[in-house]
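To start, the structure itself, in structure tokens.
By letter and in written order, the chains are A, B and C; residue numbering begins at 1 in each of them.
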């Protein structure tokens, strides 16, 4: 009887286990293993090279550039996403005519496929025929078109597009939380002598704190591992070097130069960096909570 | 160092795919599973609607002739093909037939990914195929791929704009409008007017196209990417001269300032809209879509090809030989069908139909079709005569080199693909444009990085697979 | 000096008139209760005083100062909310100190005030706790503490006891009253519970549909309701209302309900005669009915024969649900009747305490 139950239980969780092991643990473990080999993408044979890939990467300019640029891209997009998302959520939490429509509109960028987003913004930001430069010139803010998609501005533009595309995620999450805050708290605070800014600072922000923590953590994972935006912004070439983050660099190593071992090493480093960030993050959070 | 045989990603993915098939087979397999049709998967680089239709026509005919076969054809762009293909090969799941660029074939061939298509050559008659394309994939006595067409990108000028600026565009395109890069730059400076939003020349920032520009320029400057001993020579004068040329174009602001992020299509739009007067990558196919961006200007009065200038170290100017190869993968279980499909592709009516979609861009590879009255009657051949003739001239003078290959010996170098797709060349071009390194330093760094990559791939050891087998 | 004055205050939400032309003057140290059914405008009135709602028409004065356009924080008021509105992320001390902190009172001055407020309310032990760690009653005290710590001109209470259980409510009622005595603070207290209103208010304002029905002391409202609504709203069990006519026989006026007849006392008769009307609503409080066999001499009289439907013993008194002809009647009598359910009982009425209302507009006549 007992045996039968075991079989039954096991057969119920088996599909899940297969998926977890087959699609999560195995690829992660396999990447770890690959990172210690000189595996080339199209050859089945490889040698164990120990920390060779890591040592080699650590001495390489392109690697450090990607590390640095990946960090700038992630931190920049997360920072502005949260600021913009918070501001938009606060506005959308107010009652005004057409709020439902504006709420829907705010979500729009998040629902566009990345490729559409990128093509749209590359057109808008173009120096030669982009409406943004045209508009800025017409209203007299600039004399000469700004080269948004040139070497100097490409990182800023990429961060901008990343923020534009993903801030609705922050809006949805924060708005959901904002709607559950008891309005009496604001009234009590108003009577207690808090002005609008202080009400935001002493009521709204502390109430959003936990959700913000989760949102920032999630965005950290998403933005550090973001591939499509930096990849497509440079059309897979040209300025790629200037907005290459960790995943893009790993991709170039694995599928451009066909060095799967090195690509895996970069992925593993990203993996550990994210684990480390998460640990530090929770440390800080717990400390504050205590 | 003993080679270890571990589980490869390819094996792994096969296993996963198998498991998935088991799970989903019930829904996806046709009812009569035992009489399952054989399927043929084809990728090609002609992604436009007409091209997709023309290929589909071949597929339809093929299915008629082979009722037990289902053919899936998919049109991909050029720029994304390399990585997409690599990914699919790495996953052990390449199509049966695909287009590849000439620079890719040796890298794939040496890894055992390709099978020869001699059968198709013999069917067409080897002498019937123009020499220029016949030799592209000829290695070790076998043909590893066959071009679907042949053409070259032209140096295309907006005749009207140049004349407005007081320059004469020679009607006889064998007489160069500029003999040297310096003369070209002089012209570009004269026609550039950023206030009006007009630039002398447009360049693409896409890695693939940018490297093609570099390649034909380095050839026109008396050099190439590798020497005869397969050593990269980006640090030598011809290539450094190319970097200098790019830096000058960029510094003098005679190319649009955001050119590094420009796509090929964006570049075409720029010349059609008159934002730029010159492009060095004028595929003939543009001729047929000019009306879309520049209505009423689809004629050689506006868009005219000119002979390319040479670099300071060069004697002759070069262009690319645009002649993607059909290849058949060794992993294909339908190699027999693949060969039959390719033979059908070149059948007179179907091939003419295929070529007829962009006759300005695509020459037939067979002499028989080239001399066919049906082909000669295509109206575009008259309408865009200069554009077509200049291509033929470059090809017949052997001044057109297969894409990614900038000296004949490079056709046999087995790591050209890895270097071409590595991003190393473009990385350093950007660092030059940015002012981080001067052309000489960038050339040296490009060479060093390439050497490092080549070493990892296993060279100068001639053939790692053979080496592994003998060990 | 009047502490709080409302002059012809009106407030509309769209087409709905929430408060209609309300007039009110509140003396210093007075405990005023606003009472009425839900939607009567009592909370809206309170919120206008607090500055949480704008005033459409009329003027509000606190200490003779027009406050219509002052934000809440400048009105020198404190408010206790129905759901307490404690700041969940702050501990009790921080909750109490928040108002002082916002007013930039130095830390050194804050602390004794907070401690004093906590002491008054007996929550000194809880200062370190977060609101979620407190019971309902404790939260209530913290909410009160947050109000008193600032020593404001006017306290506003918005149904502060409605979330407590019945026993705690009674207890807190008394405590609040004591607190008011001790602090001598002017208070406006909103409730829908007439018992709370009667037990706590120095004066009570009864509202209905945005209009003030009557302002008066608890006994005024009880004994001299100005209309049928107030009469019915105040008092428990509810007053009996019976349609009636006035008859005259032998120069004596009678109230005729159809089922029974009551003589009208002489000093009421003149008021009824003035009306020249004959249709009225008779109001009798259940406690003004007793058994006929009672022998004590009094102003009781008349005779009502009624059938007993239900008997409820409340302790000292007995509640009867009765039927007389077509009408039902409630009565509160001092001892359990001998008659059983379904049997007839004879009752009499305290004729000095009967009420007569106009059948047209419900206004009180006697």
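For this structure, a couple of remarks:
One rule holds in what follows: a residue touches a chain if its C-beta (ideal position, glycine included) is under 8 Å from a C-beta of that chain, and two chains touch if they have at least 3 such contacts.
Please read all numbers here as calculations on a predicted model, not as lab measurements.
Among the chains present, the centre nearest to the common Cα mean is that of A. The chain with its CA mean position farthest from that of chain C is B.
Ranked by C-beta contact pairs, the top pair of chains is A-B.
Distance from the chain A centre to the chain B centre is 34 Å, each centre being the mean of its Cα atoms.
Centroids of chain A and chain C (each the mean of its C-alpha atoms) stand 59 Å apart. Centre-to-centre spacing of chain B and chain C amounts to 90 Å, using the average Cα coordinate of each chain.
Residues 1, 3-6, 8-10, 12, 16, 19, 79-80, 82-83, 86-87, 89-90, 108, 111, 113, 194, 197, 199, 204-210, 256-258, 260-263, 266, 269-270, 273, 275-276, 418, 421-424, 426-427, 430-431, 433-434, 453, 456-457, 464-465, 468 of chain B are the ones touching chain A in the complex.
Residue ranges of chain A in contact with chain B, taken from their complex: 18, 22-23, 26, 30, 33, 38, 40-48, 62, 122, 126-129, 144-145, 147-151, 154, 233-242, 251-252, 255-260. Within the complex formed with chain C, the chain A residues making contact are 182, 184-185, 187-195, 198, 202-203, 206-207, 209. Those residues of chain C that touch chain A in the complex are listed here as 50-52, 71-73, 77-79, 81-83, 85, 87-89, 98-99, 102-103, 146, 150.
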